[in-house]
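You will see two complexes here that share subunit A, one where it goes with subunit B and one where it goes with subunit C.
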Partner chain A sequence: MSDADSPHDPGVPNDEIPDDEFEPVDVFPESELDLRSGADDCYKCSTCDTNCPVAEVDDEFPGPKFQGPEQWRLKRKDDADIDPSIMDCSNCMRCDDACPSDVPLSQMHNEARAEYVEEGMSKLSVEYWRNRILANYRKGAWLGSKFPRLTNTLANNGPLRKLGEKLFGLTAEREFPAFATQTFREWWAERGGAQVQSEDKRVAYFHGCYANYNTPEVAKAMVRTFEHFGYEIVVPEQGCSGTPMFANGMLDDARRDAETNISSFSELIDEGYDVICSCTSCSMALRQEYPELFTIEGTADVAAHTYEALEYLRIHEDLRGALGDAEIDGDGEDLAYHAPCHARNQGLDRQAVELFRDLDGVGVEDVGDSCSGISGTYGWKAEKYEKSMAIGEEMFEEMEEAEGQTGMTECPTCAMQMEHGSGYEIRHPLEVLEAALVEG
Partner chain B sequence: MAIEQEVLVIGGGLAGITAAVSAARAGADVRLVSYKQPTLRHASGLIDVLGYTPDGEGPLVDPFAALSDLPEGHPYERVGEDAVRSGLALFDDFADDTYEGNHTERNALVPTQGGRVKPTARYPASAAAGLASDERDALLVGFERLVEFDAPLSADRLNAAGAPFRARGATVEFPVELSADPKVTRFAHLLDRDEGGEESQDGSIRRALAQRVATHLDGETRVGFPAVLGDDHPEAVRADLESHLGVDVFEVPMGPPSLPGLRLEERLYDALDREGVRIETGNPVVGYEAGADGDWVAAVTVDRNGATVPYAAEQFVLATGGLVGKGIDSDRAGVEEPIFDCHVAHPPDRYDWFDDDAFGDHRFARFGVDPDRELRPRGARGAVEFDNLRAAGAVLGNYDFAAEKSGSGVSLATGTLAGRLAGETT
Partner chain C sequence: MADTPSVLVIGGGSTGCGIARDLAMRGVDVTLVEQGNLTHGTTGRMHGLLHSGGRYAVADQASARECIQETHVLEDIASHCVEETGGLFVKRPEDSEAYFERKLRGCAECDIPTEVLSGREAREREPYLAEDVDRAIAVPDGAVDPFRLCVANAASAQNHGARIETHTEVTDLLVEAGEVVGAAVRHGSGPGKRTHETAGTTERIEADHVINATGAWAGRIGKMAGVDVAVRPSKGVMTVMNVRQVDTVINRCKPKGNADIVVPHETTCILGTTDEEVADPEDYPEEQWEVDLMIEELSKLLPVLQEARTIRSYWGVRPLYEPPDSGTADSEDITRDFFLLDHADRDGLPGLTTIVGGKFTTYRMMAEDISDHVCDRLGVSATCRTAEVPLPGSRDERVLDDAMGEFGLTSPVARRSKQRLGDRASDVLDTEGPNPVICSCEGVTRAELQDAIEGSGTDLNAVRIRTRASMGNCQGGFCAHAMAGELHPEYDAEQATAALDELYQERWKGQRHALWGEQLSQAMLSYALHATTMNRDGGALDPTGTGDADHAVDFAAFDGGASDGD
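And now, the complex of A and B:
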């Protein structure tokens, strides 16, 4: 129990405290989110700092311990401004997993970043608008996907990309991900929605933005695999999970989409549906960031009913047995698997390796526990590009050494980075699962 | 229920890893679940068995000779000397030539960062040239920006303690421009990569560091550095420094985050992978489901961000650590083992939990579960709580690992026995 939870100094029994005694819990004015227990729980072991991928390549970055508990204390005492270095945090959230004392580091970072953007960043600056547009990727993708061929051509026009870097701070080094000619939702509508009906096996699919606009094959793999196991699927109205918004300190934008998502999915949960994500950052947002940052009704319910796709099947189906009996036509190729940082806090970082080792015809080689370095929108910013590639270097080297020439990961932006750094084609575990169980 | 295995080990530290490997070697299908990254990276990397008796006598020359005098209930008394030896043998197998000390039963005396010596049974090979029993004079070298290690102070303390050699300390600037407060891993990785240093040294950081240290040498034939000499390639870093300096080089174990702890952790997790143990980190075990008669555990429940998922097994090993690792928890009302609510004996008045003297004999240091000789936790009246639950490591009570210097040894001995018994019972 932390001091914040206890009414009095824990060293003194209740009956020994006079009524007019000062109460430590009242020192700070009440706010919606009291993070004091987080700051108090930090015993400054610095394990988070040695896990931080940004600090690893940038000696000047003060690290998660400063960004979280230390900055919080400074602020409470002198109302110090949030240090601009908070914008160098990539929101990979590895510090959460590293902390032996349960300090909600990423929550503290998200709060600090939002405050910095609100109070320290000019709303007229190019950086603010660049970040705002990156954070609201979904809006641009919606428009782009209306004219996918045209958008794809324009987005990867060399001179235009250079101009984008100069005027807007978007790196010209990366190729924009292609928009699919048919979005997942268009495909879903065209096939007439769910093909399987069930009273007791029901899931609501949170496909997120990327699987809808850019990689509908991942979303289709989810649908076919879950239907193979007899699940009735619904694809409700939904917004962005909020991941890029948290990472850019745009909490108001994130709250707007979270309200849509929570209202849409909590209704379904009441009808017996569980929520399935195919992107580990989306599931992370629904499960951890929503409850940490918002007090919208139904948040806890959605968090407790949200799962990553493979995780859900592992819990509810004999996936190990099914894969043990299956075979895949992969010529025994090894897939170079990278576990996204956001999969870690959900305990999913070893799941794909464990699962597919029972599958004949394909091998999985873990390319190490480093961060890919792109962290969503982070690696798209011109001033962060070099840092992003330096962080990814370890993964690139491991991929280079891996036997196969195909990569695998759950996270769409990790996949971009893997492809960018290695030239490999990258698959999603759901696609492998579909190939093994549905097509086979 | 789909997440099933024969043996489920809860906890990813030294005791949990040892239990998982022992169970796997006994032929069982094993899963290890741990909430957070293991706390091995907080540990010095030294593997102690027993440095002092519970009465504070020591440092002990021969830890094995003292085992038979331990009080009833001490984890070593519970499992017996054979288990202690099996645990060490398993560790020697894991560590191979990265550790030393298995040539003798006697404790080695290893200087630590504060200039104290710690009696220990095994030590990283990188610490071997630093032993306090070695009579060669030693130069200790600290780095300006690594405030955790004050080499002159450390040397003074060693001299004051009567070490059989002369120790001197020197502080040098690390030969790469660094921020005011670099992480320990920064030093280690710069030395690993060994590039981007001064041009006069062909960019080699190891060579440039050796040159700076050489000017401080005054006849010493061994040089000690804080334990940051490499993460991925510690042998190569040390070998290069030794050849450039022409002396033996050793590491002085440091506090958290500790490179020797990190290296050991990596090695042990590789061993788990080799044994086919399934590993899952990131979610806490929060409770259990009892079997039909209530005297066995059918499954433990894992909290996945609010969703509770059962993990079923035939045998369970509880290796969640002590008060620091949160395998034992306390509030003002009492002390508990939070997953199975195993009995943890403690005085009802919390003012009796500690001693007023900071370095006095604290009862809380010995809080933990009380096992039978097969390591099954027992209730207040001495009856086994669950037939298929065993406990290992710091979650056990009746010993003060910090005062006795017995933390690693107890984890190894009890982990090996608990894992083997669990594996054989499936």
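And now, the complex of A and C:
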């Protein structure tokens, strides 16, 4: 670093940072960010606390205002003791959305959690390794998908699950999601990659882990729908988006995968591609968390060119027109739609409802603005399971009262929770879109 | 004369409290009177710098040597009041290279350890430093909490039998047969702990010797006995930032000037200061340009200050003094040395000694000097022990590292509580009942507030300086009323309300100099909350109709509400 280097993200030139944008610097050791100045924006109104789903069901949880601006403001350079309650934050990020004053709450939480895991959690504890494995779901999924049938049988063997809870703190209440017998990437290779070539309509697909290993039908729906609209698709080398790693305070793991992703996708952006995600937490990571937490070259570019799949089509195509002419087979199927918290933060919480309103053959009912409660790996932890279900209760009730017996959401873990709490089959909006436009 | 010689100390600042402790430890019967709460005058209005002496190493080497010596003493005896932050003298390209070298040489001559850093090395320590800062000298500056230090001195004095009377104003010095024999005082709410809504009383306090340690007010006290003490009060502004932009004291490396220091203080940074002579230590203008100057000038060292949130500004008056006929024109040039004025020698008036001038960092040394002098006059042979015996709270340094538990508190609150309370932490925090956080900005719990109330009665400003409650970003918006609530049931509603009103006024006094950007939003939110939940914009609730009819709520004007149904 030369004397002239500024302390902020080298990817962003000095004069392009607006004056009022909060900008952290490296003060604390090993590139931990100094977020104390983020507390300047907080005037303590407590709107974040009243919107926090964990605080609502857990009186012991001090809430996002404490975890964020208050805890940071009380910090001195040499202090290392982050309160353990940071591990009870589910990283739903609703506080970001609730804050009227742009306090970088989830960024503060992510940094504090990473610091707590680094300084306060024993690297020999079961909790650490349980969290580490959950956070690195992709590694396990890679292995499991080599022998999908065997893994699926073992993972949902009752006594084995009980043992998993006892030894490892994984709740025995949930059924493991099944691995697909063919991953999305295997399918993509088998079909010979892109079937549409285009000079000006090009997207790079960030499928994430779940659509690759568990629900390739969602990824396939994305491919078929985008090709239907004439897009050339590439599926580049990629790792995990980092979402489960942020939520478990494993920022080093997340940085490693972010480096792969940013290098992969920023090259494609230079060639005219935009980045498309089918999971709203993945798009959230690329858009918000990467720029907040990492200073990898190309981060700002990737953040600016990343979109959720439906969002992108709504911007660039006449989706309503196309759907107005389409219809879905079946007799007026009703879908109980839940907007994931991370979709909400990207302003996407109404898109599925608005989009399918005019589609014949399907009805969409919004089941309200509560959090599903699973928050990725959170609801899989034995000690968090009850809390997770208590948070989800409101959504379960709304689903129960909804007309349909099928659910819909963009987020794979929200889908698990919806299925777990209601017994409904859960679909992804892309699958509905594919059914209406491509198959229909 | 009683067997035990008695001394009346006037002034509850650092010097007065230091003297009270010193004399009490020597077995003298000490009474201290202070017109406000402890630190009410200049002590409570300093920027919290514990001088390594670096600032004086060129112009005033005698002071510099005293500073480094006393800094080491305070690190030992007042560890819970001191934060060893280290300091930097930073040089911008336009600052003189020659002065930088002189500063370095001066420090060496005064035995102040230094380390020269390149601009880059300085920025590695403090990343917010301006990119064009080209060199820096690291010195062992520190930060000190003047409130805690004063209160600890007073508490130690009390433990050694001293009587401490705050909110007690001296109305006259008693002169009998050409000798000062005591003072007439008025207690704001009777002697003892301050209690709002309690009638004041007057008292004659007789003493073998009276010490005038009233700093900028020393001329006023002197006049009561007909002696002339020409204090030249000089005001300086200090601006408080919401968070710590730096964890090291940042000085600008150039000869005297305005706005050249940033001190990390507890959860905040304090920018200072100016130096302008004023006529009256209690009545001088507080002007916005002074605050603007702090931010503008210090942004040259820390550009981030330009956009950062300030939460308040305050002014203090230095008790500068120079012997008659020195004739210094500019207050910045008046010496920071202290003067002991023995009025017997000087004015032919025995029984009275005045101490003026000096610096906070060397308060203990000044107290030792004057105590030596007075003991000499009184024939007391005991020697000073204040440099060796730690203050209450600093007797056991292991507390912070000790795994003594978190008292059921979240880690940052437990840590801050221990930093404030020192070795008193377990006594104060180990309580029976629930111990909620009352001031969430500063992490102050009920137990700590109750401990402070025990020490200072209904005076919530005294509670504030002991605990830091209401000193954070909301400036009491979210906790002032809860602090007042803590006075109940020992004190009644009227007393709590009066105490709350006074705290509000004090918080508002400084906050009104920071009303733009986020702090304006904060003030508006606090206003709206207090107006809508406590009717604080509407005057007292007055069901009996005996109060001010214009402001009382007219409940009769409310109807029964709209009838229900369509």
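The rule is short, and it goes like this: the second predicted complex is superposed on the first by the 400 of 440 C-alpha atoms of A that agree within 3 Å, B and C clash if a C-alpha of one lies under 4 Å from a C-alpha of the other, contacts with A are read in each partner's own complex, and residues count from 1 in each chain.
As a convention for this text, contacts are C-beta pairs under 8 Å (C-beta built on N, C-alpha and C of every residue); 3 or more make two chains touch, one makes a residue touch a chain.
Predicted model only: the values in this text are computed from it and were never measured.
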item: Contacts of A:A352 with subunit B and subunit C, given as first, second, both or neither; value: neither
item: Which superposed partner A:V117 touches (first subunit B, second subunit C, both, neither); value: neither
item: First (subunit B), second (subunit C), both or neither touched by A:C209; value: neither
item: Touched partner set for A:I426, first subunit B, second subunit C, both or neither; value: neither
item: Partner chain in contact with A:M87 - subunit B first, subunit C second, else both or neither; value: neither
item: Which of subunit B and subunit C A:M222 touches, first, second, both or neither; value: neither
item: Which of subunit B and subunit C A:A39 touches, first, second, both or neither; value: second
item: First (subunit B), second (subunit C), both or neither touched by A:E317; value: first
item: Touching both subunit B and subunit C, residues of subunit A; value: 1, 6, 45
item: Residue numbers on subunit B that touch subunit A, as the complex places them; value: 2-3, 33, 36-37, 39, 41-42, 178-179, 182-186, 189, 256-257, 278-283, 302, 304-307, 309, 324-325, 331-332
item: Subunit A contact footprint on subunit C (complex, rising order); value: 83, 118-120, 123, 127-128, 131, 242-245, 247, 267, 304, 307-309, 410-413, 415-416, 440-443, 472-474, 477-478, 518, 521-522, 525
item: In the complex, subunit A residues that touch subunit B; value: 1, 6, 10, 13, 45-47, 49-51, 55-56, 59-60, 63, 97-100, 287-288, 291, 300, 303-307, 311, 314-320, 344-351, 354
item: List of subunit A residues in touch with subunit C within their complex; value: 1-4, 6-7, 19-20, 25-27, 34, 36-37, 39-45, 62, 65-66, 70-79, 81-85, 101
